[in-house]
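Chain naming follows the written order as A, B and C, and within any one chain the residues start at number 1.
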Amino acid sequence: MSEPILRLDDLQKRYGALVVSDHVSLEVGAREIHALIGPNGAGKSTLVGQIAGSIRPDGGRVAFAGRDVTGMGVSRRARLGLAQVFQTSNVIGGFTALDNVRLAATATDGSSFRFFRPLAAERRLGDRAAAALGRVGLAGRETVLAGALAHGEKRALELAMGLVQEPRFLLLDEPMAGTGREETERLTELLASLDGEIPMLIVEHDMATVFRLAHRITVLIGGAVAITGTADEIRADRQVRIAYLGEEAP
Amino acid sequence: MTATPSPTLAGRVVAVLLHPASAIVGLALVVVAAQVFGQSFWTTLATRAAILALAALSLGFVLGQGGLVSFGHAAPFGIGAYVVLIAGEAGIRDVFALVPLAFLGAAAFAAPTGALALRTRGVYFIMITLAFAQMAYFVFSALSAYGGDDGMSIVGRATVFGVKLFRNDANLAWLAIGLLAAVSLFLHGTVHARFGHVLRAARDNEARTAALGFSVFRTRLVAHVLAAGFAGIAGALMAEQTGFVSPALMNWHRSGELIVMVVLGGSRRLSGAVLGAIAVVLVEEFLGATTEYWKLGLGLIILAVVAGRVADLGRLVGRRG
Amino acid sequence: MSFTLLLVQILNGLQFGVILFLVAAGLTLVFGVMDFVNLAHGVQYMVGAYLTATAVAATGHFGLGLLVGLAAALVLGLVMEMVLFRHLTRRDHLEQVLATFGVILVATDGVKMIFGPAPIALAVPEALSGSVALMPGLLYPVWRLVIIASGLFVAFLLWFLITRTRIGMLVRAGSTHPEMVSALGVDIDRLFLFVFAFGAMLAGFSGAMAGPILSVEPHMGDTVLILAFVVIVIGGIGSVRGALVASLIVGLVDTLGRAFATDLLRLVVDRSSAAQAGPAIASMAIYLFMAAVLIFKPSGLFTGERATWTK
């Protein structure tokens, strides 16, 4: 396997007496879709925060694209190519769908400190943004205010904002939360089409999605990694069945 | 910024009236008329309106576009005025030197204080900007070389390559209106350019904007410093007009009045600040002519506006900004 | 500078700090518990002084006048909360700033209309108007000592109210978990009303106590308000203990700075530059201190686990 895009090395985080990350180590390969699952309260969101840079670990390291990013904030990690899709819809509600994607494109295309040229006149950015919207199935919705989009459309818009940045890695925190069955399937196929193109870490409750997409799955229980393995290995693991799937020990 | 023009005639008239250029053209017409009919009072009033409009416009930029409620905008304004006084004492009177110096002086104050204030949010930001502005007030009050509490007259109005062009009030009016127009144009461009988009995005959703890779802190700091610089230019113009500089220019009530101008005019549009400033100057002038307690009237107007939840002149006439 | 002069300035600093504490204590609770930006708190201080001055003049007795003044300040606080501020607590900060600034303009000019722009008299009660010898060669005004003592008494009272009583427990809970407090059947609006009116009365008390030594005039609240903000930023929003410590620090630093900066500066620069720069540096001292706090503890000295009195 080539150099992993993301490597968590012995991450520790506690809130008071509560241990939320218990010596977590994890790798996502350069072409891998990796899923992170675990029961509620397993510490998934805290781990996502530590990967994204919004939460500082108490100990351990985060390496991204071969660099130690442990001390970097959210925006610097984003500029290195780490794109995020949040758990709750997180778009700029007052901007149109196109402006949201255009804004995202700006972040990875030269300086944002430009004061004269209207953003709307930057044709290349507009074209890229429109293409990204088309790819996630939002063609024709360009001029709608993001705040007025349906829930599933917002999720797709977020994905477009990630894709237009041509990221080196996608961090998806429950991208299917709150979407209907049809929408989930569509988004899952969309992510599947990126397989081999962009490596991902996806936190998801929808097991159909997880098994469809993930090359490897990590199960987090009580802040610690219980097991990392392929879908079949996870299905077969007794510890997972007890703790996560809620089955009684035989 | 995304207002769609109303199809009705009345709507179109309103749209033209609310256009940023209209207010500035209106001020210019007042000056022309005042010259033609020899009414110097109106020239003075239009100049004052243009100066305060420039200060309010700069505040409207950070407050409206950036969502940063700065309660210390009187400080850069006053510093700009002191730059004129101090530079004049040092023999610098050329307008091409004074305007950039006023900008830089105010920006130099805003950069460190803004960087500290921007480490905090909400209530803290309001209190800290107010506190630092008060610090500037007391520091200049203590500068006995420049008049201390009482203030001091400037050596004379600015020159252009040695020519005492601004002895003529009308020329000063043109300078103020010209600078207001130039800054409006610049900020209008900025609002629509990349920088303005990032600034508004950070206002609406800070976490998202950071996650996209933008440095929210640096964006806000640049906006804050730019706004202070423009307020400094306005303060320099105020010193030119009144010929007198004192710490009273940066009294915290002025910071409050600038916020009032921005919000009365509608903070989401740049032009709102200009309209709000003109409205407050008119209230001050005409209420002030009838009673010395005109601020009580202004206070009641503010309370009425807040009470009626119509903090936007635009909405009063049925247009959304 | 002599030792007695230093002692006098320290006492003056404490007395000033106590005045600030009385204003900041109510304000920090209003900020912390209600997340409400109240610029009009300085108005309460100013109006408290005017009400007391009027009542003292009418009754001819300071103590009686003070009681009437405090009751009136409390009633004013209640009315302001019910008429205006109640409707603003859940609005954004900009609207709160605007509305309370409007109140300042109305109140300041209103007081000018009624009492005139010139300072009015508020005399120290006869019995407390003298000075006492604290040590040989150190005569200090009794009234200033009374201010220090009453401020420390209020601090004790607040500590008792907040940590030892039911209402204090509700205030503490209300600041962190308002929804839980409402779920317990406590009327959160009533709680806020109480906090607000009590804070207003404290500010009024502060104005009444400061009235005889500073002057009772329409703008007297302005300076105190902004210094109270500095106190709250240093002490941490919502922390009464932080407000107490920060008030005393600000009172001391400001008073000692103004008294001694020029002399100290003369040790390193010549006389005329010291005379020039001294006052300017002294007036910056507390703000620079605030800046240092912001750099090292952006949320104030007494927030988080160390803030015991609420928040």
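In the analysis below, a contact is a pair of C-beta atoms (placed from the backbone, for glycine too) under 8 Å apart; a residue touches a chain by one contact, two chains touch by 3 or more.
Just so it is clear, the model here is predicted, and its values are computed rather than measured.
Greatest centre-to-centre distance from chain B is found for A, with centres as Cα means. Ranked by how close its mean Cα position lies to the mean of all protein Cα atoms, the top chain is B. With each centre defined as the average position of its C-alpha atoms, the distance from chain A to chain C rounds to 49 Å. Mean C-alpha positions place chain A and chain B at a centre distance of 43 Å. Averaging Cα coordinates per chain places chain B and chain C 31 Å apart. Interface residues of chain A, counted against chain B in their complex, comprise 52, 54, 73-76, 78-79, 84, 86, 90-96, 99, 102-104, 106-108, 111-120, 122, 161, 165. If you check the complex, the residues on chain B that touch chain C are 63, 69, 71, 113, 116-117, 119-120, 122-124, 126-128, 130-132, 134-135, 138-139, 141-145, 252-253, 256, 259-260, 263, 267, 293, 295-296, 298-303, 305-306, 311. Those residues of chain B that touch chain A in the complex are listed here as 2, 186, 189-190, 192-198, 200-201, 204-205, 207-216, 219, 222.
Contact residues on chain C toward chain B in their complex (touch as defined above): 31, 35, 37, 39, 84, 88, 93-95, 97-99, 101-110, 112-113, 222, 226, 229-230, 232-233, 237, 275-276, 279-280, 282-284, 287, 290-291, 294-295, 298-299.
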